[in-house]
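In the two complexes below, chain A is the common chain; its partner is chain B in one and chain C in the other.
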Partner chain A sequence: MTTLTLARPRTRPLISWRVRKLLIGYSYLVPAAFCLLATVVVPIILAIRMSLYADVLYKPQDYRFIGLGNYLRLIEDPVFWLSLRNSVVWVFGSVILQFVFGFAAALLLQQAFRGRALVRTLTLLPWIIPGVVVGLIWEWLYQPNYGVINDLLIRLGLMSERIAWLSSPDLAMAAVVFTNVWRGIPFFAIMLLAGLQAVPDELYEAAHVDGAGVFSRFWHITLPLLRPIIVVATATRIIWTFNYADLIFVMTGGGPANATQITSSYTLLQAYSSLDFGYAAALSVVLLVVMLAFTWAYLRVTKGVEETE
Partner chain B sequence: MDEGASLSRRKLLHALGATGVIAAADLAWWDEPLIFPRRAWGAEPVRFQWSVPEPTRIALMNSLAERFNQSQKDFAVAIEYVPQAQARQKLISAITGGSPPDLCQAWDNWIGQFNGMGAVEDITARAKAWKYYADVAPTAWQTVTINDKIISLPLSVTLDGIYYRTDRLKELGLKAPTPDWTWDEFLALAKAFTKADKNQYGFGMRGSGTWALLYPSEYCYANGAEVLKDGKVAINSQEAIDALEWYLDLALKHKVTPPSAATDGFVEIVETFGRGVTSMYQHNSGSSGQQKKNVGAENFATLPVPIGPAKKRASFWFSETLTMFKGAKNKEGAWQFMSFMLDDEPSQKYCSTLGLLPARKSLLDRPEFAGDPALAGFVQSFPIGIVSPYLAYPGWGGRIDSDGVPLIQQAMLGKISAKDCLDRFAEILKKEMS
Partner chain C sequence: MKRRARKDIAERLLAGPVVWIGLVLLTAFALGPFIWMLLTSLKDRQELYATPLQYLPVHPTFQNYVEAWTSPVTPFSRFFLNSLWVCSVTMVATTVVSVLAGYAIARFRFAGRDALLLIFLATQMFPSVLLIAPLLTQWRALGLIDTYQALIYSNFSFTVPFTVWMMVGYFSSIPRDLEESAMIDGCNHFGALCRIVLPLAAPGIAATAIFAFVVSWSELLFAISFTTETSMRTLSAGLLYMVGQYEVQWGQLSAGVILSTVPVAVLFTFLQRHLIHGLTAGAVKG
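Showing the complex of A and B:
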């Protein structure tokens, strides 16, 4: 007698293999997402919440919900608008010059010459030194009474009177921007040098054979191929500089008469001098919105990185 | 029978031996420790935040804390050094985060804010029962008293005076100023010292930091003005405006100040004097030690601030305090260390090393202070010392830095008039009167 064994119908898994694969993929992201949530998203939400309260630390009895009160105060605060204007000068003045000189340095460092490795290492020095130390060094260099810059210029006969670089409202911003440019050139130089090294030589050779000059080769080969790096580097640097208050804090403290007060240093002043955390939080939120809007616009104008790839 | 559960003779001996070691370690910990120094059971160390502007203080405080720790065995004082520029921020962050140190060194213009945050321990009862209560100068107590509560111990006191170069006086054949000098004499001397072509200026005016606004305020008092009169802000009175105009003219009209004055802070005014760029500057006794090293004790002297047109003068009195926080885990220990720091020897050592003046009258009369020419101007300033009017409201301290200093800088640069500056500053102060 033959026995028939009926195949048991396979039980369908509760979650399909496709969904399970997807879930596994997402589960790998959970630790990173959790870290981001805890260190970025939650503080942002707390800052937004704080900005809606009257939260002056030494007046705990006045702590209350005031809605958009801090934002309305901000609109009427002339120092905020001045700091925003200063921030634009500080950011774009610094980044544009850093980019131009950094690009020039990258092109130079790309050339073959004796001692290139040493020069490349030395180029990094301003970037390696901590920002606060850079601020202190340059503050001493700019010192009008016994600083090296004035002394050199007088000895060279380029000026007769000592200039108070950081004490003059007309010169202070230019002086701190110059310092920031000095510090930031290596960042662009190294980023762009890495990009330049990835450009195939054949392209230049072919262009050369076709009769393209130096400028044409730069314009039609170097620049387009470096575009993704340029976009990422400038966007990162702009955001960085917008939030970077160390140099200004050390060199001028935002002075003289708020001439170098940028929004991030003003936020710090409101938080830690006036202890007005509600208002400082409102300033931070505005700073965040400005940076988000800028990044969106910048990536839109430059059409992002992906399209070139 | 389970062998593992039985107590063999060997195990018993081991257990007894271990118990003996533990007992020996615990024997009479209040006398000589047998194995290592012991602290009282449950006594927490005292966390003490100390702001450090320069290395001398670290060495000094280490030695004082070590001496205190050796003097008793119940607990230890652990010093947390913080750079002076970040000290206030660190304390505020710690208070906000709910973990302030037990004790801190802070200036009296900070503790109003800390007290407003509800973080400071009321030490009135301890202070009044303390053996040196009556010996501390009454004005020093005023600087640390809020709403009739004593919230700190004044470790040292500071009063503003004028430093001047005696060697340059001789070099230029000028007559030495006297302690009762006037604004006119001050200006004449500043002009005589100024040789701009040689990078020499009469007066190192301060344009940065809290005192950039406090110094001109003292000149306002010399002209009969006050910051707060009958409970109302009066810093923009005509007397105050005239005084500020006179003060600003030192830079704008007479040009007896270095071109960098608008951003010169503590370091710059002290350095330029030490390097011979300026021949006078205003500060408290705290930089006298540094000037002894910079220019030599025989080459400078100090005077009280000059007398103004109203035949008055005032020097704002500040105290460097030891402040205990409400959340202190070892309050008794913190108090013991605070009072130790104001004992004869530690207090004298601390103040004489740093060029500060002790808050205790009996110490101030000692020759180390009363007989030092570098401190003479400050000792002579005690009769004109008043508690800083900006301590009246806790919010004023912060507003001086965030709003007052930029205003005075604008005035120093001639961007706004003295009247504009004081009117705007008065409005800011009015908003913070709560």
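Showing the complex of A and C:
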């Protein structure tokens, strides 16, 4: 005789499967949401609030609500306006040169040659090392008496006397921008190389057969196909460079006479050296607004790009 | 057979000499500064400040490394270990957090999913100088100044948003069928995640972890703002502190620079492919 087992209806779970799945999903998100809340969202709200107060760390007796006082002070602060101008030079100088040289590097690294993997890794190094390290390396290279840059230029006969690159008001900005270019070339090289590798070879071959030369192939195939990645890479780099204060803070501290003071390094100095949190917060809110406006414009432009393709 | 077009002169030039000259220049430009720093670190004081400039160390010495490592005023070994600890903990915590969140976003449909993704993206655009004053106030109130926790928590502000995006990308590229069949076979969600998805996503997770480590290794602003004691400084903050001490000791400093570069360079070499894939995936698709 065989025993028959009857299929018994499964006991109904306390919470339905769908709800349970949703709860599991949310529970996975809790740690990330908490991190973001505690280290980004709440601090930003605090910063906005802080910008409405006279809040200097070592003057607690003066702590009070001053409304838009910090913002009014900012409008009348010539260094703030200078820093905005410097930021434009810093951002566009850096990003344009990084893009041009990064593109050239990507085209070179795409070629087939022996030891390509090694060369790729080595040329990416400037990008991954800490900003302080970049700043210190170049401070030593630029050093007026013992720096190799002055020495090489003099030996090559391009210069007759030593230049104090980082303490000359006319040259300091160019010197820090050049350093930032050195650091940022690999970023564009990586992004554009990834884009280049995604272009199907058949396209080039077909154009080749049709008699298109190297330059016309570059202009009519490579550039248009790479356009989306160029837009994304450039925009993220602009934002990143605008916010980036480490390099200037290490190399010049914004000097000489604020010649290299960009808005983010000025904000940093207000918070870190002057301990004027109210004013620093107002400055950083302005930074934030500029970035949001840029991001908004960027999203509109990229949307346009996607729609036309 | 395809008809082969004749190569024009421009093309032949570009493929030959131009590429080679370009590659040599590129490599020299990228590596030159490192090589100069390495040479500097191997020179003794006399060679370092010789006029005219002496390019190669005639009597190479590791004295600078020993001095930097053991200096009582600027204890580089301590800075190094501080960084190692802060970055390792940041790396592990960030990876766990972003694996969970990335998996949830890639797999579950829930209200506010797109908004959440957008917030993760937007926070990457915030300047970190914005966070210094409020975070400092927050850590002071909690009594966390001069602690590793303050640095580790602060690091989450820039590691987590990016790594979550990276993980969403990786998980989306793994087919759902595998976990679904595992779940039919009696695995629960968490079991399926651990046994099926994680092994498949391992390269992506490794890349995410390395990324978190490398970016925290570079962190400077939080490290100088939230620590006051010399013994709590990380590498970046410590190197800056070495500059601030009396006259700049370029010998020791160059040794410090080389020592700070090596760990990230090694990590990067190991996982370069996966890391680059993760960093560029979104952009190439987009």
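One rule holds for everything that comes next: the second predicted complex is superposed on the first by the 260 of 309 C-alpha atoms of A that agree within 3 Å, B and C clash if a C-alpha of one lies under 4 Å from a C-alpha of the other, contacts with A are read in each partner's own complex, and residues count from 1 in each chain.
Here, contacts are C-beta pairs under 8 Å (C-beta built on N, C-alpha and C of every residue); 3 or more make two chains touch, one makes a residue touch a chain.
All values reported here derive from a predicted model rather than from experimental measurement.
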{"item": "Fit or clash between chain C and chain B when superposed on chain A", "value": "clash"}
{"item": "Touched partner set for A:280, first chain B, second chain C, both or neither", "value": "second"}
{"item": "Which superposed partner A:191 touches (first chain B, second chain C, both, neither)", "value": "second"}
{"item": "Which of chain B and chain C A:253 touches, first, second, both or neither", "value": "first"}
{"item": "Contacts of A:166 with chain B and chain C, given as first, second, both or neither", "value": "first"}
{"item": "Chain B versus chain C as contact partner of A:146, first or second or both or neither", "value": "both"}
{"item": "Touched chain A residues, chain B compared with chain C", "value": "C"}
{"item": "Contacts of A:58 with chain B and chain C, given as first, second, both or neither", "value": "first"}
{"item": "Stretch of chain B, among 24-32, 96-104 or 240-248, that runs into chain C once the two complexes are superposed", "value": "96-104"}
{"item": "Intersection of chain A interface sets (partners chain B, chain C)", "value": "143, 145-146, 272, 277"}
{"item": "Residues on chain B engaged by chain A in the complex (per definition of touch)", "value": "88-89, 92, 95-96, 112-118, 199, 207-208, 258-265, 268, 271-272, 275, 277, 394-395, 398-399, 401-402, 405-407, 409-410, 412-413, 415, 434"}
{"item": "Chain A-touching residues of chain C, taken from the complex the two chains share", "value": "2-5, 8, 10-11, 14-15, 19, 22-23, 26-27, 29-31, 33-34, 36-37, 40, 48-49, 51-53, 55, 96-98, 100-101, 103-105, 107-108, 110, 116, 119-120, 122-123, 125-138, 153-154, 156-157, 160-161, 164, 189-190, 214, 217-221, 224-225, 235-236, 239-240, 243, 250, 253-254, 257, 260-261, 264-265, 268-269, 272, 276, 279-280, 282-284, 286"}
{"item": "Touch list for chain A against partner chain C, complex", "value": "21-22, 24-26, 28-29, 31-33, 35-36, 38-40, 42-44, 46-47, 50, 104-105, 108-109, 111, 113, 119-126, 128-133, 136-138, 140-141, 143, 145-146, 148, 151, 182, 185-186, 190-191, 194-195, 198, 205, 208-209, 211, 213-215, 228-229, 232-233, 239, 242-243, 245-246, 249-250, 264, 267-268, 271-272, 277, 280-281, 284-285, 287-288, 291-292, 295, 302"}
{"item": "In the complex, chain A residues that touch chain B", "value": "56-60, 62, 79, 143-146, 162-164, 166-169, 172, 252-258, 261, 269-270, 272-277"}
